[in-house]
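Mind looking over this structure? Questions follow.
Order as written gives the chain letters A, B, C, D, E and F; numbering starts at 1 within each chain.
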């Protein structure tokens, strides 16, 4: 949509439940935006200190130590991807939906003024923190648009939202509606994944997934493409309709 | 998707059950593509001679005469929109799904080699011809991709498909997934509608719908848009995932 | 809807796959309409001679004999309920969807001019004949409305449709949307069931069901009701919206 | 359902999130009931002071002033429709689901003893206050039926519930299940809409919608109707089965 | 799944909203497990003192008395079935979802270490306590698996979950996915039902249901079965995939 | 279900659209059954000669030659798995649903008398042959149960049906409901895959899938399992309820 709009640096806001989510699920989108010179802000509601740090707990580490490990790793990964990460430290497992936490997200919306928002799908029978994060991310986006909502900053527009792929898509009602070609930044995404040492068992898993979504992308791509032999992809759903000037 | 592809004129294929469908439901998309210098081909499976020509029947006209009226009107509307229309004259009310008719569509796919395909949604409790057309359009697209399918012409790629809006969207499971900004070609779409004299009662109805989808488009559009005060839109669904290089 | 309409005798059309369906699934609705002096016509597409006459086959009876038995029983049940039954003898197990059979139903629509239509739900994994009957019943209703459809008789309006309850509702996506109070005609429905000697094992089953739907009816009924202690009910779905002058 | 019930004045309870909802979405139903001499009570959970008063905020008005404006307008509209309105002033954007607010609704149920309940649908991705209101309205109805629930007043029966149409029906899973003919009170509904000066931009929008639902009503209405040329309608869903003595 | 596992006594955990639920909905499963020498623990979140004790309230009894009655009955029924019952006394109508109550369930999971979990389906428009219980039961199961969750006891595995049948299955999206043959323990289940004197009106209702699920079980059972003439069944859904070594 | 049944060799029937489907999608189930000494029959409706033999067509081979290649490969794979394969040679791309072909499947049901049936899911937007095969497989199973259906052989019982995993599960509404542990026969499945030389590009793809379903199986498996480090799995859906004597 470009009816006379002045060129401004695009801003992407990623809202996640845990410290690693933005890497596995949206690292390609983040790296692509960053590689185009755009600003990307990641709001991590928790460090994933209880629910996604099993190995550290088994090694006998303490809560504060684990939070510090997850924070350090996530910051390193964000740096590789070219993004800024903000931690809300709201406590995970369970992450609770509250008006206060939703309000903190409204402030981040009004501060970062995103052109694009990424978050979790609204259903996940394996991890209740993910739907909780999604609900607050979507509610806060609506509140941030209201001139009557009492928060610092100017009201925002209605940025499109993309729901990234959960760990077990078929169990979460996830259907790929958008396949993003992340081939040009694949090495960057892989490098970011390797910063997450506490979840090393997922490196190959998400490399495989990237390759499979790439195959699906090729199968669904229009004709006359000069796609390289190996293509990497990420899948997304749209909770709101796409607005476009061209069908393609 | 632009990995080194050679610039070629884009081709759009619209497959409809009846002679008027391409105007009411996709006239904006057709006019936009045409205004960009692209080729648009409309495959009308029937003239809508029985199911959508009630006034003519009440005036006592005969079948051949009605088909001729609908054909003349549709050709005039297509000319306004800048598209070519082909009539398959398969007989409406009911339109039956057959391998022979599907095969005729395969030939049209291989002949027109579309970059984009538009057709009806797969469900409509008010008009069984629409789902029948959709099913043949989608089946033929898959068959046309197979090197083993015995038909003239080269196999095609996997062009994206857009399902246009039915007359009663809520009753057909239709949810707007893509909102196309047709403001720049609105006058052209309106002029094409006015070529369909036998369905004059629909002119205002679809003008209203265009305006409402335009309002929804503004509500869902990203921030910082310089959209004009009155925006016109058309709504579409995607049966296959979108393939993209940028989330927007 | 009574804006100045002239009083005419209401007509109900019931379209079923097999000879017994109208008794088990809609016998109460038929008896109620009949008791109000209305006309009820039952179009049985088949006798259920292959798929629902297991005992007769096990007893060594022949096809023609079984069809005769089922016809005689169904006519007796229809007489008890006060309805006329017409057999199309299209052959069951499987009942196939064809344009010819659909056309025969169009003629019956134009002949009986129903104010209300009853038929099967559109899904049933235990008996493919039921969805086939539903599809032809719904398609024929739309065709009979079209002035351009070549069949005897005048075009009809858009009578409301009610889908009656299948044998295994949860497996067919059936959700009670309308609960009909059949208490005043319960004895008539039971008497009609007892005319179906070849399916005696179902008498108690459908008596239980009538009682359970009656309990649910009481639970959902508005306040201040003077309902009798034992209430009998039948459940229906609506594929089209209800049109009304009062919400109740 | 009239088995021997004594004639009493019917009572309708409308539960909405914001001050304007009962006019746009159910003004016809309210005016119809009132015109039949029935009692209608509207429970507004909030004034819509933050989420639906954008113009007033942009004009620099204060919270208390905006609430007063919305209250005055809503009372004027309710008077036109012939209904009583009660404000719970629970605070909007966000409206939170709490046991205390639900309990206040239980008291209103037991006080007004409704024969019919109207509220929002259970899903709305554009406004989280609407599903919150719906959830409390439906929960309170169940609690008010329980003799063991500690609240003033007698337990109520199980009044039928109608969910009125949201602003963007396709995005909220809304499918018209009931079309109410509001032609006789259309002028009253339009007059009530015109009392809502702060939302003047919606007057034409909801006039158009009334006309479109009227067209759909005619298309779905049974035969032999003497409907006037222009018909106005409102659409509703039923979360519970309809209980009836006649299929129509 | 028997890859070298040491034989240990299996443990079943049943989590219900009210004191009677485990008898009506899962009494057969409980009795079967108990008859095999397995341990069954029932966690009743409330006594059902407000929402499911209408007769006692009408007889003028007090809250404490009703809770005592329900407790005594439930303990007697559990004894018949061979199970232990634990009451959390969290208060019903409404039962609220809270982190504190969820945490109490986590402790019970880690204490009982279940091989199988039974609870309510996630939707019920007639009783909000049931979905609230289901949500806490499912959330607590996930939390109890996390080594980082701070609660006594060892982390548990991922026991399969079965959702038992609600009172009005079609209205709750309930589809039988598992039919359990409870014929061998039917008399025990009936005896347990008869311990619930305050809900005597349900004895025959659930006897009928057991018989109907038994008929459906026979209809879906594989060939070559030597099933007795009268079979009793209970229906369940699986929210997670079944894990198996053989398809049967 | 073992109420006194005499031990007989179990029989499995696999009905597929194309020659390779039984290997990729159900090779583990076939090999497991065979390894237990059971009989497995595969009914291939077509050779997949047009739709799934792209490389052969590009190499310039003729129809008869391609069918012969596919047949030879499939027979070799079936031999590795220990199954018998029958080819119906009905012609693919498109495979049409006909009463004649359905009748041929009825004969195979009555001849093989399966205890378990495996086939495709009912929806697949990428390949219309798969839903066509599924529909005929499910219809024929119902017809084969009817004593009145005129075909050789005795009527069959109601064997459970498992729908195997499609190539793009999220696009076909596929949700894993059953995870089969195929670790003990993984080498056999891999060997069978390697017999399908014309589809060599799928070997690694389905090896990866087997590993991923194995990971999911471990995550969903009950506690106390002695599962090996690497587990392989296959996913299935159940269109009919499971019948069981124990919840596990």
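Everything below uses one rule, namely that contacts are C-beta pairs under 8 Å (C-beta built on N, C-alpha and C of every residue); 3 or more make two chains touch, one makes a residue touch a chain.
Given the structure is predicted, the values throughout are model-derived calculations rather than measurements.
On superposing C-alpha atoms, the copy chain A sits rotated by 180° relative to chain C, to the nearest 5. Sharing over half of its contact pairs with B-C by residue number, the repeated interface among E-F, B-F or C-D is B-F. Contact count check for B-D and A-E (C-beta pairs in contact): higher for A-E.
Homomeric contact chain E/chain F: same residue numbering on both sides for over half of the interface positions.
Distance from the chain D centre to the chain E centre is 38 Å, each centre being the mean of its Cα atoms. Look at where the CA atoms of chain B average out and do the same for chain E: the two points lie 53 Å apart. For this pair, chain C with chain E, the centres built from the Cα atoms lie 38 Å apart.
The multi-chain contact residues of chain B, meaning those touching 2 or more other chains, are 126, 171, 175-176, 216, 219, 240-241. The complete set of chain-chain contacts reads A-B, A-D, A-E, A-F, B-C, B-D, B-F, C-D, C-E, C-F, D-E, E-F. Against chain F, in their complex, chain B makes its touches with residues 99, 102, 138-139, 142-143, 146-150, 239-241.
Against chain C, in their complex, chain E makes its touches with residues 126, 168-171, 174-176, 205, 208, 212, 215-216, 219. Across the interface of their complex, chain F is touched by residues 49-51, 53-54, 56-58, 66, 93-94, 96, 125-128, 171 of chain C. Chain E meets chain F in the complex at residues 1, 3-6, 8, 12, 29, 32-33, 36, 113, 115-116, 118, 156-160, 162, 175-181, 216-217, 219-228, 235-236, 238, 240-248.
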